[in-house]
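A, B and C are the chain letters, set down in written order, and residue numbers restart from 1 in every chain.
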């Protein structure tokens, strides 16, 4: 069991570190632009950093959920690879959004495409597992021998 | 292991698709009401859609956590059934809230009740598993033979 | 498998109950200070309670992720202990932040330190598991016999 998930766990820890980095950037921005909690808005520079972190936080649980679903039910390798791409995309999103609202768009589309890929892998994994365990049919094997 | 969780995984993917749908609605509403990021408020119609998605996102990790805890430690079937009800409730919540603030209330109470049920199932699952693995007592079996 | 995770599951359910408590406090505060959805700000007292819950919600998925990663890949006991400390820290954070912005700081530092500990435990667990399953080296055992 562990060997099938240790790489997923490594990507997961990386994802947490990225979120920690984003949070620290918000804390620095709060100091720099004097936006003390509970306030959540200030100059546009602050607002963009604040929203960049909020948006990444909103998608974090969705990402982790998909990473593990596709990783456990389909392929650890494929899922981890998509995971790394997603984290890279989110890093670009954060940096781009911090600079300008427009700057968030290209990396956003990229991250969204990776997420849709993870959704597709998860669906495939669930369907194949369902066939295997409930109908006792190994679809990939059947296809291979057809 | 996989056979005991594949239905949970299917409900999980459905939950992610629902969140994707909510996010897309916010993106369309941003265009329709010209509320460009990083702004998060505009006309009341936009605000309600924005908050509906934010509220669903806030509860998404709680829901996934409970779905899997009760599904793994108690019953995949019961947990998945509650999961589907919850997702349906959240769909009604989103639609209701988009239309009026009051419209969110009935589906909110419904979703909350389903979440409390999942909490109860999770507690029961944890307690029964604890008895079984640490005290070597199968409570359900003891009850049955009493 | 179950015996290695039932305590993690118990801490998880406790974490969900804590989040439910925070949400209820926001609902009471909405009534008390007449801040009807979709509004998210009102008098400073309300804003602090609202943000305290939002901040705890933002970190909830990160916490659950780390709890399970370090618990499964390193040690259920250590991880659960940190989990309880974190939940206690978050309770103090919520109470402190509700009273004054400054009141959130001490418990925030405490919770952050616990989270960093969970990150360290997770990293260690991932690295040790990686050595064990991919390189077939049991590092702890090697160290013990050195």
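Assume contacts are C-beta pairs under 8 Å (C-beta built on N, C-alpha and C of every residue); 3 or more make two chains touch, one makes a residue touch a chain.
Predicted model, so just to flag it, every value in this text is computed and none were measured.
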Touch-based graph of the chains, sorted into line, ring, star, complete or other: complete
Angle of rotation relating subunit B to subunit C [CA atoms, steps of 5 degrees]: 120
Rounded Å distance between subunit A and subunit C, as computed from the means of their C-alpha atoms: 19
Junction residues of subunit B, two or more chains touched: 1, 61
Subunit A to subunit C touching residues, read off their complex: 1-3, 6, 9-10, 12-13, 15-17, 19-20, 36-40, 54, 57, 60-61, 64
Parts of subunit C lying in touch with subunit A, wherever the complex brings them together: 1, 44, 47-48, 50-51, 58, 61-62, 65-66, 69, 72-73, 97, 101, 104, 115, 119, 122-123, 125-126, 129-130, 132-134
